Structure formats: structure tokens, C-alpha cells
Amino acid sequence: MKFKSLLAAAAMALGVCGLVQGAQAETLRVGMECTYFPFNYRTPEGEMAGYDVDVAKGVAKIIGADLDYVCQKWDGMVPALLANKFDIIVASMSITEERLKKMDFSVPYRVSIGRFLGPKGKDLKLFDEAGKPVAANFDGLKIGVERGSTYSSWINAKLPGATLQVYDGNEPMLLDLSNGRVDLAITNPMKAYLDFLSKPDGAGFEFVSPPIDEKEFFGIGVGIGVRKGQDELLKRINGALETMIKDGSLKEYSLKYFPFAINPDNWQGVGTN
Amino acid sequence: MSGAQPVIVLDKVCKNFGAFRALINVSLSVSKGEKLVVCGPSGSGKSTMIRCINRLEEHDGGHIIVNGHELTKDSRNIDAVRREVGMVFQNFNLFPHLTVIKNLMLAPRLVRHKNKDEARAVAMKYLERVRIPNQADKYPSQLSGGQQQRVAIARALCMNPEIMLFDEPTSALDPEMIAEVLDVMTDLARDGMTMVCVTHEMGFARSVADKIVFMDAGEIVEAATPEAFFTKPQTERARQFLSQILAH
Amino acid sequence: MADLAAWGDDYLLGTLVVLKVFVVALIMAVIFGLIGAAARLSRNRIVSGLAKIYVVAFRGAPEIIILLIFYFGIAVSLTALVQYFDPATKFVDIPPFWAGSAAIGLIVGAYMTETFRGAFLGVDHGQVESAYALGLSKFQTFFHVRVPQMWRLALPNFGNHMLSIMKDTALISVIGLEEITFVAQMATSVTRQPFTMYMTVALIYLAITTLITFGVAALEKYANRHLRGAR
Amino acid sequence: MTLDPQLILDSLPLIAQGLGITLKLLLYSALFGIGLAIITLVMRISGRWYLSWPAQVYIYFFRGTPILVQIFIIYYGLPQFGFIRGSILWPILREPFACCVIALGLNSGAYVSEILRGGVLGVDKGLTEAGKALGLSSPQRFIYITAPIAIRLSLPAYSNEFISTLKATALASTVTLMDVTGVARTLVSQTYAPYEIFIAAAILYLAFAWISYVALAWLEARASRYVKKGN
């Protein structure tokens, strides 16, 4: 007991509050980069903000826990979780096979989507009412994609008449879109918005498709990471996310940062495929 | 000077290479049908002089009149002179990428605008004249030096020139080949061609030349008949040159 | 121009990276060239055959493919190698600097092999014979007769190889080393002035290659000093 | 992880899909380069400063800078200027293929021009004098005497330059073209088998370099049939 109180004192001294307050409320330590605008970052006033932060706060509220933010560099994120430096990761971390070997993920709270960009005001009728691509209207169009990206396999499968132009990076692709060398480009809408549409260069351009969200091509999405064996915690987090998806709060969060939704539209259930 | 009209006139011709004075007030005239041999030690300006006559070198001062055309910057006169003057070089300068017959046909076709058959006929005529018609389809590199030089003479003759210039035509040849070239030149002389030869072949000079010009240090030191030049040269420089060249 | 000035220090650092790659690759190229030339001249047919394969492969394949093989490939095999000894290792990373310098060194080393070999064979055998006839040892002949004539013969090609190394450094941007071409890519994404940015890169290269050319010309003049005078 | 020869064989046909673009790039760039080289050569030997000076600047720039940077300047750099995007040249400059042909052709032209100049300078002065003495005009001398001989003298160096251009086409993948290297890089990004796929690509390039080499050697032998053997 003596040892425990000593630890508590040390923790207080270090400013890590709440470690021993567990008696009345549970505290979740959340790992994130704190520099990944606009997902997890510090405002000039020093407050944590961003989509990831909002999601973490939402989950904490529903499961009745307090939050404690731990800033961690990206390359040490997973080792730090495994070393018990924090309890969960809410840091825009994509769910991948590789990571699932070492840790568990919640259901996605952000989707992996692609979206087409094109010049404003051209009604190309690329997608029908239901949001499905009209392959014929893509015939002869030149579409910029990044080399090795998941988008190219989607286009190859769905739009046989389109021509792909393959870039080594997002930047040169968007440069060529604004120069008119490609008719369309498909990319991650968040990157496109931050790097292009919200800047003067992108003024003449807009999204010309709905968000395309197809798991078999684009992956599952971004989830909350927990250590293996924390099934109880994972269940509660998934429950919380289910609620937030259903009541629209995830959508509300995403619209705070982007003019479009980046959350999953419907509850995808627990378990990975 | 003989009474015949001069076809080549050099009047106080000067030529400098930088600070080096290659020709100093060289005056000379060659009349139609005349055979002139130019000799002198190396560096004396003989080659430079002969090259000025068809303007392979531009003279810096004086006048050169060939067949009534004065050589100036005017390219029409230069072309006219070159059409009428044939030249044979020390190193033959046959076009290595063309067969013998094509070497001969090139200029008649391009300059005289002859058709292929005419050019070929003329070429064969002169190849026979230099006694190598059977080498027509070989490349120059497949011929001996003497044969190459005879082809070069035939090539010049194909243009039907009124004057022939020879710039040391035998000095790049092995001794056993010199005779065959000199024979062709002697034939040519007998047919009445106007010839200017830079050569060290004193036997040829003695038997063929009407006049011998001895040059040294860019100047014409002596001009005389072969008879006079070889028996009693007027100047010490000529005497020295002759003793050196005849000693061998 | 104001945009360019803001990137001045990045270009400066990029230029330093370029020069570092140049020096490392040059040293490697000379070493590989000397080894290659010795192997090519070897009487052992296997050794000279291997050297021949080296020369043909590295002169015939595009530089960028060799660079990519090095960057991606060597990391994979090194990882496998290290894991063999220490299974806990997850991944061995080859920094682009070393992958790039080694690749360029090997490529240009193949060209140098031929240059050095040509220079060695270019020294008239009569020179060696007369040295022996004068009583010089093999060793003395090599250093006092062969080498001074060899380097004069090798110098013009050697200068060209130095220029090749310099220009090949631009390729390392493809594997992400932050040299000047890479700096220009970054600067372009911010300033949207690709022409200004890449032209700056070109001018920096032009300045360096000009310096190399002048340096080699001065060396050549020095090496050929005994040929002067004869007209 | 070991090298999988089967995967090399399997990837060859896939990579060969890029062969068409690689060969088209090579052919167009080489032809464009030769055309530019001849124009540049004529400008350089014209003896008029306002012609020879720009030609020398062009050669200096393109020989002193990396091809990758030249490609970037033309592909990404030129559209920085609105007037270029509005000009009649834009339909051409819009295409990555055309940009690559322009860049590679400009680069090759600078080198080939120097090679040809070496050839022209190598033609015995006596031959042009013989042409003059026969009354041939200056253009006639150039076409019938100097050029054929200069071309033969240039062929060995040109053969190296042609293979350099072949290797340089690999850089087209950096501006979106799906040539052999572009296809290979894309395959690698999907399969994570860099060794096998890049080696397969290198084999294709080597094979084609060898074919070019043999073809040009044959051409050289044909062009040299008038040169005496031995001696």
C-alpha cells in the first residue's frame, strides 16, 4: 500500500492525473500523434481537437470514462500500445492484416474511400442517382491515379473504357489535373480537400463523384486500436461506435472538418472479415 | 616570255600565315601549252603558290588571273577557274567511300550536269588513258599508291580542264611507283596540256619542263629554262639546293 | 524569385547531399573500376568472364532500374540475411543515400573498368620493353613508366565518368533522398512554380558540371604538358 | 527470402506490355535527336556567331544537366506559364509521351551533334580540297564527301549514344508513362517482389541493348566496307 501511494504521488507530481482515481471513474489513456491536422492536433490555445479527438471523446462519454491524451510519434505508436503506455489508439490508424496480427481493432469509425475530382461545372453524368458509376460515360477519359494505389484496381474492374495515367505521388497528379493533362483524378478526398480543393489552385475543381466506399477494393477503414485480450473494452467501444453511427454524431464530427462525410454510413457489425 | 597568250598570271602575290610570310611579291606567267616546274626546299612557298592558283589558299595581296578570270572574293570567278583547272595532290585525296569509277563520275555529274552514262563513258576513257580501266569498281584503299595517283589524275582530267596543277604528285609514293605516275604526266605534257608542277623529280623537270621556277623563303629566286637552270644556276641558293637534291 | 529565396537553404542542403553522393560514388566507382579492369585483364577466364558480365550488365541496363533493384532489393535480401542470424529483426532498412551511392558507383565502375583497361593496354608495349631493357624491375616499370602514361590516356574518359556520376545523382530523388531534385518537388507542391524550381536544379547541376569540366581540362593540360611545343 | 526464377519468367510477359511504348519512345527520340543534331551541327560549323552561339549554349545546357531534370522541366515546368497552356503547342506538350520525346530528343541531339562534329572534324581536309579543286560547291562537298565519311566515323560513338537513349527512356515512368520501367514499378507496388520484377525488366533492356548493338555494328561494318582491312 505504501508503494501504491508513493506511485500516486509521483504520478501527481508528473502531472499525469487520474491514474488512481479509478475508484470513481475509469480513465482511458489515448495514444495519438497530436500533430495530424485535422484529425488530431492541438489548437493554438493548447486544446486537443480534430476528428479523432471528437471520436475519442464521444466514445468516452458513452462508456463513461475519462480521457487522458498521450502524444506519441507515429513509428512508435503500436509498440507503445503493446508496452502499455496507453490503452487505446485513436490516431487515424488503418486496419490492416499486418497490424491485426499484433493488436485488435474496433469497427471502422472512418472509411477508406476514394473520390473523383474534376473541373467544375461539367456535368459529365459519371454517376447515376444511386451513386453507381456509369461506365460508358468514362470512355475516353484520362484519369490520374497514384502508382500502386487501390483506386487503379477499382477503375480497372469498373471502368474498362477509361485511360489510367499513373503518378508517383499525389502532388504531381493534382498539378496535372489543374494543368488539364488529365480529365479526372481519383484520390483520398481528405487529402484532395486539404491539399487542393481548399486552396486557390483547386478553385476551378470539385468532387465529381459520391464517396466510393467498397471494402474489397479500398480496405476496411480506420479503427480504434486496443491490445489483444481486451475483449471487454473492445466490446464497449464497438457498442459506443454503433450508437454514434446510428445517431449521426460521427457524421456531425466529420462535417466539422470537411464539407463531406468521412464516416461509415451504416453499422458494419463487429468482427473482421 | 614566249609570244603565246598567258593563261596564268601572278602579279606581286603575297600571302601571310599570321606573322609567317609564305609568299612575298611572287610574279609569274604561264602561257597556253607551257609546262612549268616549280622547285625549292620545303617551306619555300611552292605549295602555297600553286594552291593560290585555284584559290585553295586566299592570297592577301597582288593579283592572280587565270584564263582571264581574276581571283577575288567573287565566288563566280572562283567557280569558273576551278572548272577549268584540274589539280592533283600529294596525298591523292581520292574519296575513300566511292569506288574508282564513282570518284571519276562525281564532279562531271554534279558540276557539269552530265547524265550517268555520259559521265561513265568519260571516266572510262580517262581510266584507259592512265592504264587502269580494270580497277574501275574497286575502292581506292584496294589500290596501290601509284594506281591511286593515276586515278586522281584521271579524275582531274574528267573535268576536261585547260590547266593541270600538280602538287608534289610523287612524293608520297614508294620509289617503284613513281615512274608509272611520271609516265602518265609525260604523256599528258606531250598532248599539249598546260601544266604547273611542284616536284623534286629533276629528271622529269629536265625532260618535260619549258621553264623551271626556283623558290626559296617565299620568293621566286630564279626562273629559267631547264637547260640553263641545271647547268649554270644564277644564285648561290639554287646551287646549294641543286647540290643537295642531286647528291642522292 | 521571393518563392525561390524561401527555399534557398533547402537547395543548399540538397546540394550538399548531391556532393556527398558524388564523392562516395566516385570513390566506389574508382575502386570497382580498378578491380574490374584487373579482372578483365586477368588470364583466368572465369575471373575475366565475370568482369565482362559485370560490365555488360551495368552498362546495358537503365540506371534507374539498377537503382530501384538496389533500393528495394538489397533491403529485402539484407533483411533475410540478418533474420537468419537474429530472427527477432523485423526489417533492415537501406538508407537511400547508401543504396543510391552504391548503385551509381557500380554503374560508373563498369564504365571505368573499360577506361582503365583501355588505358593499360594503350601504353605501347615497346615502352615496357625498353624499361626492362634498361634494367628496371617489374614494379619500377609499372609505377615509373606505365602509370604516368596510363592516367594521361584515362583522363578524358575519366572526366566524362565524373560528369555521369554527377548527373546520375538526380535519380536518387526517385527513391526519396532529399537532394536538390527532391527539394524541387517539395517546393513545387507548395509554390506551384515547377519551372522555376526545376530550372534552379538544372542551373546548380550546370555550375557543378562546369567546375568538373574545367578541373579535368586543367588536369589534362598538365598531363599532356610534354606534348606541347610540337606543331 | 530468395530469388524466384519462376517469378522472373512469369513477369517477363507482363513487363513486355511496356515494350511498345519503350520502343516508340526510343525510335521517335532517336530520330528527333538526329534531326536536331544535324541542325545544330550546321549552325555550329556555319561560322556565324549568331548561329553557332545558340547551338553551343544548347549543347552546353543539355550535356551539363541530368536528363531527369530536363524531363521534369519540360513536363511539369513548362505548364507553369499560362501562355504555354494557351498556345497551339499545348495539345503536344499536354501529352507525357510527347514531352518525353522532346526531352530525350533534345538531350540526344546535343550529344549526337558533338559526335557528328567529331566525325566532320575527322574527315581529311585534303578530301574537301579535292572537292573544291573539282569545282564542287560547298553544299555539294558537304553532302557527297564530308557527310558520308563523317557518318561512318561517327557510327561507333553513335552506337553508344543510341544505347544511352534506350536507357534514358526508362525515366519516362517518372512522368506517368507505362513503358517497361513504368509497368515494372507498378507491378512491384502490387506484388512486393522488387528483385524478380526489376531483374526481369533489366533483362529486357539488356536484350534490346544487345540487339541495337549488333544492328549498329552491322551497319558500321557495311559503311566501312571501303576501308582497307588491317594496316
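Labels for the chains are A, B, C and D, by order of writing; each one numbers its residues from 1.
The working rule: contacts are C-beta pairs under 8 Å (C-beta built on N, C-alpha and C of every residue); 3 or more make two chains touch, one makes a residue touch a chain.
Please read these numbers as outputs of a predicted model, since none were measured by experiment.
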Chain grouping by contact, computed as though chain D were missing: A, C | B
item: Distance in touch steps, counted as few as possible, from chain B out to chain C; value: 2
item: Pair of chains joined by more contacts [C-beta pairs], A-C or A-D; value: A-D
item: Far-end chain from chain C, centres as C-alpha averages; value: B
item: Per-chain CA centroid nearest to the all-protein CA mean; value: D
item: Distance from the mean Cα position of chain D to that of chain A, given in whole angstrom; value: 47
item: Whole-Å gap between the CA centroids of chain B and chain D; value: 46
item: Mean-CA-position distance for chain D and chain C (Å); value: 22
item: Per-residue multi-chain contacts in chain C, two or more chains; value: 174, 188, 192, 194
item: Junction residues of chain B, two or more chains touched; value: none
item: Contacts with 2+ other chains: residues of chain A; value: 168, 172, 175
item: Interchain contacts (touch definition) - all pairs; value: A-C, A-D, B-D, C-D
item: Chain C residues within the chain D interface of the complex; value: 56-57, 59-66, 68-69, 72-73, 76-77, 79-80, 163, 167-171, 173-174, 181, 184, 188, 192-199, 201-202, 205-206, 209-210, 213
item: Chain D - residues contacting chain B, complex; value: 124, 126-127, 129-137, 140, 144-145, 148-149, 152, 225-228
item: Touch list for chain D against partner chain A, complex; value: 76, 79, 85, 94-96, 174, 176, 178, 182, 185-186, 188-190
item: Chain D partner contacts - residues on chain A that touch it in the complex; value: 144, 147-148, 165-168, 172, 175-176, 179-181
item: Complex contacts: residues of chain A adjacent to chain C; value: 168-169, 171-172, 175, 195, 201
